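In the two complexes that follow, subunit A is the common piece, with subunit B as its partner first and subunit C second.
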Partner chain A sequence: MKATIERAKLLRCLSHVQSVVERRNTIPILSNVLIEAAGDGLVRVMATDLDLQVVESLDAVSVDGAGAITVSAHLLFDIARKLPDGSQVSLEAADNRMTVKAGRSRFSLPTLPRDDFPVIVEGDLPTSFELPAKVLAELIDRTRFAISTEETRYYLNGIFLHVADEDTPVLKAAATDGHRLARFTIDRPDGAAGMPDVIVPRKAVAELRKLLEEAGDSNVLIDLSASKVRFTLGGEGGMVLTSKLIDGTFPDYSRVIPTGNDKLLKLDPRSFFQGVDRVATIATEKTRAVKIGLETDKVVLSVTSPDNGTAAEEVPASYSSEPLEIGFNANYLKDILGQIDGDTVELHLADAGAPTLIRQDDSSPALYVLMPMRV
Partner chain B sequence: MADPAPLPDDTEEAEGLRKIIHVDMDAFFASVEQRDNPDLRGLPVAVGGAGGRGVVAAASYEARKFGVRSAMPSVTARRKCPDLIFCRPRFDVYRGVSQQIRAIFRDYTPHVEPLSLDEAYLDVTDDLRGIGSATRIAQLIRQRIREDTQLTASAGVSYNKFLAKLASDQNKPDGLCVIRPGEGAAFARGLPIRRFHGVGPRGAEKMARLGIETGADLAAKDIAWLRQHFGSFADYLYRAVRGIDLRPVRANRIRKSLGGERTFGEDLSSGAKLREALDNIIDIVWRRIEEAETRGRTVTLKMKYNDFQITTRARSLPRVVADRAEFTRIAHALLEEQLPLPMPIRLMGVTLSGLEGKQAAAEEASAPQNAQLALF
Partner chain C sequence: MSQFALPLAVRASGPSRVIVGSANAHVVEALSASEHWPFHTAVLTGPPRSGKSLLARWFTGRGLGDVVDDAFSMDETALFHHWNRTQETGVPLLLIGGVPPWRISLPDLQSRLGAALQLEIGLPDDAMAGDLLLSLAEERGLPLGEDAVGYLIPRTGRSQADLERLVAMIDRLSLERKQPATQSIWRAALEAVHGPQEPRLL
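On to the complex of A and B.
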């Protein structure tokens, strides 16, 4: 294999794929990227961690020999990063080595044969639909913060996607860690009818979100089965991310979304966020709880720490039900408030031990449920 | 088999070096059975289930002459040794003996790291009783084990855990071996590769294919080459063959999980073969659970396909797994729900986690109260 590629193109491509590669690997070839040069001048770069693979195509300046080889992803990325801007990089594989040349630099890297490089078998992906990249990005942003990191509840380690028939057919994305829940609802795209319920793993979500940064106003093609999902960005010659789905049953989350919470608090999400952030300064790791006292048209935020003293702040609000005191994990509350773009946020409360529903308003596609802390 | 002559004191380990003893009871379960039932003495004895699915948990030295080994399916063992006498394991008795020997260890050092009921590392760098030599301490411990339990133990003495364990294996049974500072690398180089802790039958096969039969062959390879072929295992191999092992003896190791896994001689795919393999692994793992006197809530089944993809399936109960039957049932359910497999597997493992031993309970009590309420 021999190909010459513009450094900027190679670097951008490697920056996309190299984060898929785990830093520590028991199987040596998983540390590598597969580089495949075709006679038509197209070079494909691929990385995998066995659960997730990303393939990206780029135009080479020239391909003088078709072929494929694998080399260390992080080494090649670091080299590309340090090569001078505007240079052309030649990659040539021979005798178990790949020679990287640019300007006056020359590297000889160990390689492993392409035939040993594992490729995810996609199988049949019967469901196929498109979403605008911007919608997919928002869907991820509004939900991913609630994904659980607890390995024992592996079925919560991703974003749950499912279709439902409500007044109109919808596609819903949900994530939860058992303390808070985020749900984002959009119209069901053409082709998504009858799709299986799937859980897209956290790492795939993170890698996809990165790729979406460069997708602009284009559409993303999504093909899936009950066990695999494939996202295609930028059409032919673009970026393709294929991931296994989490094999588990997502809990029936709709039953924890409160419907009868009769105490309505409305206030400015930014001053609420900043107030929570300020009083939480004195909260220790163990007691991240911020106490929220609801009174007529104001909330009083307070934190009491055995080590650091006390803090309090009053935030103007619209509230007319009976007074209530409730505690929340300050970070969880900030995560949700940070998602609200408008000038008002609604909190629907019942009591200090029941889930609180948070949303911008009743037409907002995003909805959040937060469980209180005992304070 | 005889003990080497005691070392003169002035050749003891150099300053700054540790003094580690590895004590390993000889054919422990089988020896206990022979001790308690004189009719069995001198005869080939295996502890374990005799039935179709049973495996040998321990074999007496008489049985080992016929090629009977621990972890071998009982059917195979009987074929190798038709007169083999099977005994049902009596874990209560083994645990009692284990407590006796651990009490002896603690007379000499608080730094005792038990590996199982019949094996432990001791760090005797601080000579509590002023005995003056680690070798002498090892001799005293073996003598007291013989007096108190009428059983024999082998011991290895060296300056790290890796070498101490190799040494205890060297003159088994009823033996003692000392690897002095400066001798570790030479000792490791002279060993067949199979003796290295962590190199199993499949690993040894792979090594043989790569031209590595002995420690010396391994020592000749550079670290880059080892990493290319053995991944994360390379660093351990590289150090071990040079007699280097910096792991401390940890007196109160808290176990988070207990399990076992097996790489098969040939890849498995048929339901019957998989079930049989799972039963064998369960036998071994449940024995470890019994030995550790622990219970757990989560059963995990791991499989590695022949393309090296690894899958794990887990099931947790709200309480601890009650007994072996329940453990077996859950493990089999985890297997059944994946059948038929998309491709053959090369490895299977079963783990019990969410352990609730004495230590885990103590830990839980000291954890801060979690005031966060849960959605579900």
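On to the complex of A and C.
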């Protein structure tokens, strides 16, 4: 194999695929990327961790010999990063080595044969639909912060996607860690009817989100079965991310979304966010609890810390129900408020121990449920 | 202050299987032979949460006969008519009688049901309690293994309701603390359900 590639293209491509590769691997070839040069000048770069694989194509300046080889992903990425901007990088594989040449630099890297490189068998992916890249990016942004990181409840370690028939057919994305829940609803895309319920793992979500940065206004093609999902993105050359899905049952989350919370608080999400952020400065690292006192048309935020003293701040708000005192984890509250774009946010409360519903308004596609802390 | 957990629901479909063991093996056996019941009728009683309705669903699911769930709270005259119809049709009738004893005031019904087959679910032994614990955990999506059974079963009550409360508490505490359900959580759950094991010194 011999190919010459512009450094910027190679670097961008490697930056996408290298984060798929885990830093430590018991199987040596999983540390490598597969580089495949075709006679027509197209070079494919592929990385995998056995659960997730990303393939990206780029145009080479020239391909003088078709072929394929695997080399260390992180080494090649670090080299490409340090090569001078605007240079052309020549990759040539021979005698179990790959030579990387650019300007006056020359590297010779150990390789492993391409035939040993594992590829995810996709099988049949019967459900197929398209989503604008921007919509998919928003769907991820609005929900991913609530994904659980507690590994034993593996079925919470991803974003749950399912279709439902309400007034109109919809596609919903949901994530929860048992303390908060985020849900994002969009119209059901053509082709998604009858789609199996799937849980897309956290790492696949993170890698996909990175690729979406490059996708601009294009559409993303999504093909899936009950066990695998494939995202095909446009952009230059094209990027394909294939992931196994989490084999588990997501809880029936709709039952924790409160429908009868009668106390409505409305306020500016930014001043609320900043107020919470300020008083939480003195909260101890472990609990991060902020007490919220609701009175007629005002909110009093306060924190009492045995080590750091006390803090309080008043935030103007619209509230007309009976006074209520409720505690929240400041970081959770900030996570959610950070997702609200508009000038007001609605908090629907019941009592100090019940799930609180947070949303921009009743027409917003995103909805959040936050459990309070014991005050 | 500590975090509350979202009340993420138990799977709506109920348990995926019936755990059979010392408490209910004789009941399952008798239910399977409904064609031999005296007067085509059996009365099933048992402690709260012991799986009476679950067995009733299993019974109708297999087409073994008719079921009247919560028969003890039903109008006795209506129940008596139901019993009479059963004598005509010959389709086996299983009555769920709640927690024993089931006091019946209508003398006719009392004598008829007195002649029916009496089935009572008992308390599980260690082996069955362990199986129940794992089944209850699975229903909640709570990862719990054999080591948990070995630790918890000797330390908790034997009734089905106790086991259910314990599993719910482990689930809640592990969600609240965002920690895997390991021994520290088991211990805290036992303490929350049964009170502290020993008086604290300090």
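Some notes on this structure:
By our rule, the second predicted complex is superposed on the first by the 372 of 375 C-alpha atoms of A that agree within 3 Å, B and C clash if a C-alpha of one lies under 4 Å from a C-alpha of the other, contacts with A are read in each partner's own complex, and residues count from 1 in each chain.
Convention: a contact is a pair of C-beta atoms (placed from the backbone, for glycine too) under 8 Å apart; a residue touches a chain by one contact, two chains touch by 3 or more.
Not measured: the values here are computed from a predicted model.
Considered on the superposed subunit A, subunit B and subunit C are sterically incompatible, since they clash. Of the two partner chains, subunit C is the only one that A:155 touches; subunit B does not reach it. Contacts of A:27 after superposition: subunit B is touched, whereas subunit C is not reached.
By the touch criterion stated above, A:110 is placed in contact with subunit B alone, subunit C being left untouched. Using the contact criterion defined above for the overlaid structures, shared-chain residue A:289 touches subunit B and also reaches subunit C.
Residue contacts after overlaying the shared chain place A:249 against subunit C, while subunit B stays out of touching range. Judged by the touch definition given at the top, the superposed model places A:372 against both subunit B and subunit C. In the three-chain superposition model, subunit A touches both subunit B and subunit C at residues 152, 176, 178-181, 251, 253, 255-256, 287, 289, 327, 329, 353, 355, 369, 371-375. Within the complex formed with subunit C, the subunit A residues making contact are 148-153, 155, 176-181, 248-249, 251-253, 255-256, 287, 289, 327, 329, 353, 355, 369, 371-375. Taken together, the subunit C residues at the contact with subunit A in this complex read 1-9, 11-12, 141-143, 175-176, 178-181.
Against subunit A, the residues of subunit B that register as touching in their complex are 224, 227-229, 231-233, 298, 307-311, 313-314, 316, 342, 354, 368, 371-376. Every residue of subunit A that touches subunit B in the complex is listed here, in rising order: 24-28, 50, 110, 112, 118, 121, 152, 154, 176, 178-181, 247, 251, 253, 255-256, 286-287, 289, 327, 329, 353, 355, 369, 371-375.
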